[in-house]
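Look at the two complexes coming up: subunit A is in both, with subunit B in one and subunit C in the other.
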Partner chain A sequence: MPAPTQPVPPGPWRQAAGRLARTPSAMVALGMLVAVTVACLLAPIYARDVARTNPFQSTVAGTVMLDGREVDIMQPDDNPLHLGLSPIGPTWRATYLLGADSQGRDVMARLLYGGRNSLLISAAAAVLCLLLAATVGIVAGFFGGIVDTILSRLMDIMWAVPVYLFAISLSIVMVSQQMRLGPFVLRADSLLVPVLIIALVYVPYAARPIRGRVMALRQAEFVIAARCLGVPGWRIMLRDIVPNVMTTLVTLGPLLMALALLAESALSFLSLGVQAPQPSWGTIIQDGEGLIYTRPMVAVAPGLAIVTVVLALNILGDGLRDALDVRDGGRRS
Partner chain B sequence: MTATSPAPAALLAVRNLSKTYRVGHGQRLTAVDGISLSVMPGEMLGLVGESGCGKSTLGRCMLRLTDISAGQVMFEGRDITTLSERRLRPLRPRMQMVFQDSSACLNPRRRVGDLLAEPLRVHPGPDGRRRPAADIDRRMRDLMDLVSLPASALARYPHEFSGGQRQRINIARALALSPRLVVADEPVSALDVSVQAQIVNLFADLQARLGLTYVFVAHDLAVVRQVSTRVAVMYLGAIVEIGPTDSVLHHPVHPYTAALTAAVPRPMVGARPPPPLGGDIPSPVNRPAGCRFHTRCPYAQDRCREDEPALRPIRPGHEAACHFPLATS
Partner chain C sequence: MTAVLRRAGQTLLVLFGVSVLVFGVFFATPGVDPTARIAGRNASPQIMEKIRHEYGFDRPLPVQYAIMMKKLFITRDLASYADRGELVVPEILQAAPVTACLVCGAAFIWVTVSIAMGTMAAAMKGTWVDRGLMMLGLVGISIPVFWLGEVANLVTQSRYHDTWLFSWVPGLGYVPFSQSPSGWFRALVIPWVVLAVMFIGIYSRVLRTDLVTLAGEDFMRTARAKGLSPARILLWHGLRTSMVTFVSLFGMDFAQLVGGGALLTEVVFGLPGVGRLTYRALTTLDLPVIMATVMYSAVFVVLANAAVDVIYLFLDPRVRDAR
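And now, the complex of A and B:
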């Protein structure tokens, strides 16, 4: 029996936050994510004050001062005939830190600007996907019967289509023609296009575990106890089921964002996501594809950024899952 | 009053109640097989039997927490067999349940005070209006007092308590709306023996103070003895013996009850050796023909394998379903 004089104990969310804070791997992952995000948010300042370039404008004919020497941004190729031009490689200095792409744009500045788009799209897509999946999963799991059958079969149909094929097909339709939904016009180059597509294609992946959790909860003894107490069904759903599903949602969040980031990069790489001249990590990789033998940094840098963020998100997701498990964290063993 | 002809004053009456589950391959599992019994106001009915005999299912059917396959459930003389969840809601305050797993039946994400306030918030007060927060608060403190927990427990989460304390919280919640009938589904079987006694005493004490009516489900006869005025022994979904506690437990006439009572360790000098009960309880999907107990009965005869015995009076208020009831001393 806890002594009556003890302070009011913290709620389960705060306890979970405490457990997360004591998980070194999750904290390192979170720190990396925060660092990457802050760096990307500071992209305009970096471009203006550090790199002193405009990352959206081609500077094919320009020159740049390096160690007091004037250097061409586009240089003759290293091959014996000096045919063709290669952009400047990594200088490891403020300007052109990671070199330039084939249009003479600062890769580091574009990487930061691209990160803004990539992170924004993947985070927004993850949140939207979770909202859709939670609605579908909770409704299907709670009401069961014919409602569940219809929603579940719908999810199965979407599941049956390979996720990238599905996303690419949707993108081709939406990118090639603008969408008109009543008064809203969705332009083909809008960032909302990849957000909507990615959110939609991952709904079945998130809805299924949510539905399973709700179905398990519906049979949970505390839900039966609530029915026995005469609590109305909608109140049971809001007060007993949804709070217990929230942990599943929070756990799914980072994992979905990681998937969304990969999908966004893939779509952008195929010119079906973020549209030029807007950068994203996927489009920068595409820019670097042609330079992969001469200036590999153009493709490798955004690739590393994607790997870093996806890895960090997965580690954070694992940490969240462990931290949110009420039973493991409770005194009960 | 007998089990098969419920008196009109019965608080709860069950008639030919059956509960079957589909188990695939066109097979059905009969958890409760045509049970009839009635519970009088102020009575404490103990339901005993091995695990899997359907006693918990019967308890849940009584409160309509699960759908009923056949038969009738009458509460306060009213047929509640087919009432919708919405129509049942006004009756819920008068019939409550205490569950076996004290932690599973408390939402781990809600504070005890929140859990305890829930029934008071969703049901109107005696004046027919929503209870004011101050009333709810006072009621919760009274309830904590009733189950001997400090009021400070209201601010805590269920997992911070021991099993016995959690069961006290469950009892407090079940009593929040002042029910007439409490079905206790093995409320102490998950607890340590030392704690069991405290909770059993609490049940007995509450019955005396509040005039409650209990259906007390248990597999432990020693527990049932303390909180039952009448005992029903279940085997494979049916009642095989029912009667006053002393009569059933001290002078059992059904071989199954005799085996159960013999399995309880107790100091007894010169008693006859208990007939050992071999084998397992048969599958409720494929119930043996004839007497449901004949596969394990040490006294089974040919008639038991063909002819199913009905409950019949043995002594006043004491019935058993056996062709060859044991001689009573």
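And now, the complex of A and C:
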């Protein structure tokens, strides 16, 4: 008599994906993120074929054709009290859709190029931070005792320095001069500098919930069972602990990327993150600071982009937490 | 008592660790010369030599560390070279009250608003009010504070400054309380609100989660079974218990902000606090000032956290008896 065939139930990850797909807010957020990312990836095409400008070149003396008329990019100020030149405002046409910045560069094109850097840096920083934090959290939580005490104290010490001040301190050291670490030379204007800094300062934030999860797992029946069977420690760590910590990591991912994006923009705003001529959303806001009263769009547009992406990441993080049913991950920002 | 002593010992250890960390970041980063950093831009070789000797950069690292700590906390004669020998520590002490005013006002706003928002959301759990408030909180968390400040300036200083709504807003800058209390208040209201927005988001969400989780606890069920009114249960039993998490979060954030975390807000609104001092030092690469502010803030954060822990020890019997 053949054994009755039972339908294989979907795995936990697939179940979570299903739950996530049934959360409308998370799906909208995911859609937004994909849309923004695709738009930023298309930046060169936009600059070349739509706006027909070079967003990296200062064009203060140039002119632009609008509705068949030739218009100066730098225009006399419309406010009679300011006797200066202001860059062209939003045209709402293909060229200079959002106007120009103080160097006559197309803000929309720079916004898209800046988004590439901002998104790349925040995503890379989030991944690197998770890797570091997972290592610290798993080692501390799994071995416990003196190892845990030392690592936890180390995290406490790092966490005592206000995050942005810590990031600023590291930046000022790394940005002002190139660094030599053995054969590696880290150039001051490399995008790796903000990635490293942001990843490092948020390690304590991410390591704490991971450590907590590992400590709880250590008491779990299947881990004790494996131990009783004589399974070596490293094997328990890799086969039993790590897969179960993945849910915490996945939940922390978007939240960390949101924090990293905010930190990147703040550092770039203080000229300590992405270095000119590379744009990022934070540097564009800084460019627009001087024009805030005359041409507010330069600073407002990148800020809206940041808010949109960070909000989407936070909503996605919330959705993932509910879908994966993680209770101890990423409760505060 | 032993618990307090143990906590004090831990605090000393963390203080030592923090000072080593900050010192290390600034002066022991591999591949960079600290002398050039202290001297600032375009320093002459004589000055470089003087600094190298004064800070002991020709001697081993522990000696350098000791010299720096002495200059920071004992003799307090750390001088800025980029700014013509201005003494750093008095400058920090002079800027601190401005930061304190900014942070205290913002803290008052964020605590009251987030308690109201969190409690309301928890009371109406699952309704559109709850969802709306929590989404509002999430938006608050997602706004970069410096950008919000710029937008606030745009609205109150330029676009709507001539309407009745914002005509009372003075120009950017700070007015000391002793000079004009009303001017002080008007200069700080907008920065308070801007700084509070993110924390309102965080705290209201944390509080709501806490209250909702607590609703399943035994003592809450008992309160319901006794026939107490829902409002009384939520406010008297629930909110009071949630305050434990709330207060420990608050202690940490408050200390971090006073210690310089309000830098971006101060820069955007031109408030001459510790954060703006750091920022000005950043633009001139004035390393002693930056290091001093970071060191002082870290020390402040550690001490404040220790104080909160000790207060807990006396307030919360569970913590007290666990030791």
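We adopt the following convention: the second predicted complex is superposed on the first by the 318 of 333 C-alpha atoms of A that agree within 3 Å, B and C clash if a C-alpha of one lies under 4 Å from a C-alpha of the other, contacts with A are read in each partner's own complex, and residues count from 1 in each chain.
As a convention for this text, contacts are C-beta pairs under 8 Å (C-beta built on N, C-alpha and C of every residue); 3 or more make two chains touch, one makes a residue touch a chain.
If you're wondering where the values come from, they're calculated on a predicted model, not measured in any experiment.
Asker: Is it subunit B or subunit C that touches the larger share of residues in subunit A?
Answerer: Of subunit B and subunit C, more residues of subunit A lie in contact with C.
Asker: In the superposed arrangement, which partner chain does A:58 touch: subunit B (first), subunit C (second), both, or neither?
Answerer: Neither: A:58 stays clear of subunit B and subunit C.
Asker: Going by the contact rule set out at the top, does A:289 touch subunit B (first), subunit C (second), both, or neither?
Answerer: So A:289 only meets subunit C here.
Asker: Have a look at where A:258 lands relative to subunit B and subunit C in the superposition and call it first, second, both or neither.
Answerer: second
Asker: Considering only the touch criterion stated at the top, classify A:266 as touching first (subunit B), second (subunit C), both, or neither.
Answerer: second
Asker: Between subunit B (first) and subunit C (second), which, if any, makes contact with A:103: first, second, both or neither?
Answerer: In the superposed model, A:103 contacts neither subunit B nor subunit C.
Asker: Can A:240 be said to touch subunit B (first), subunit C (second), both, or neither?
Answerer: first
Asker: After superposition on the shared chain, which partner residues are touched by A:162: those of subunit B (first), subunit C (second), both, or neither?
Answerer: A:162 sits against subunit C, while subunit B stays out of touch.
Asker: For A:227, select first, second, both or neither according to whether it touches subunit B, subunit C, the two together, or no partner.
Answerer: So A:227 only meets subunit B here.
Asker: In the overlaid three-chain picture, which partner chain does A:306 touch, first (subunit B) or second (subunit C), both, or neither?
Answerer: A:306 sits against subunit C, while subunit B stays out of touch.
Asker: Can you list the residues of subunit A that touch subunit B in one structure and subunit C in the other?
Answerer: The answer is residues 331-332 of subunit A.
Asker: What does subunit A use to touch subunit C in their complex?
Answerer: 153-154, 156-158, 160-166, 168-170, 172-174, 176-177, 179-181, 258, 262, 265-266, 269-272, 282, 285, 288-289, 292-293, 296, 299-300, 302-303, 306-307, 310-311, 314-315, 318, 331-333
Asker: Under the definition above, what is the set of subunit B residues touching subunit A in their complex?
Answerer: On the subunit B side, the touching residues are 63, 65, 85-86, 88-90, 92-93, 96-97, 99, 101, 103-111, 118-119, 122-123, 150, 152, 155-157, 159-162, 165, 170, 173, 176-177.
Asker: Using the touch rule from the top, collect the residues of subunit A that touch subunit B in their complex.
Answerer: Against subunit B, subunit A makes touches at 1-2, 4, 6, 8-9, 11-12, 220-222, 224-233, 235, 239-240, 243-244, 326-327, 330-332.
Asker: Please name which positions on subunit C make contact with subunit A in the complex.
Answerer: 13-14, 17-18, 21-22, 25-26, 29-32, 37, 138-139, 141-148, 150-151, 153-154, 157-158, 198, 201-202, 206, 209, 249, 256-257, 259-261, 263-264, 267, 278-279, 282, 285, 287, 290-291, 293-294, 297-298, 301-302, 305
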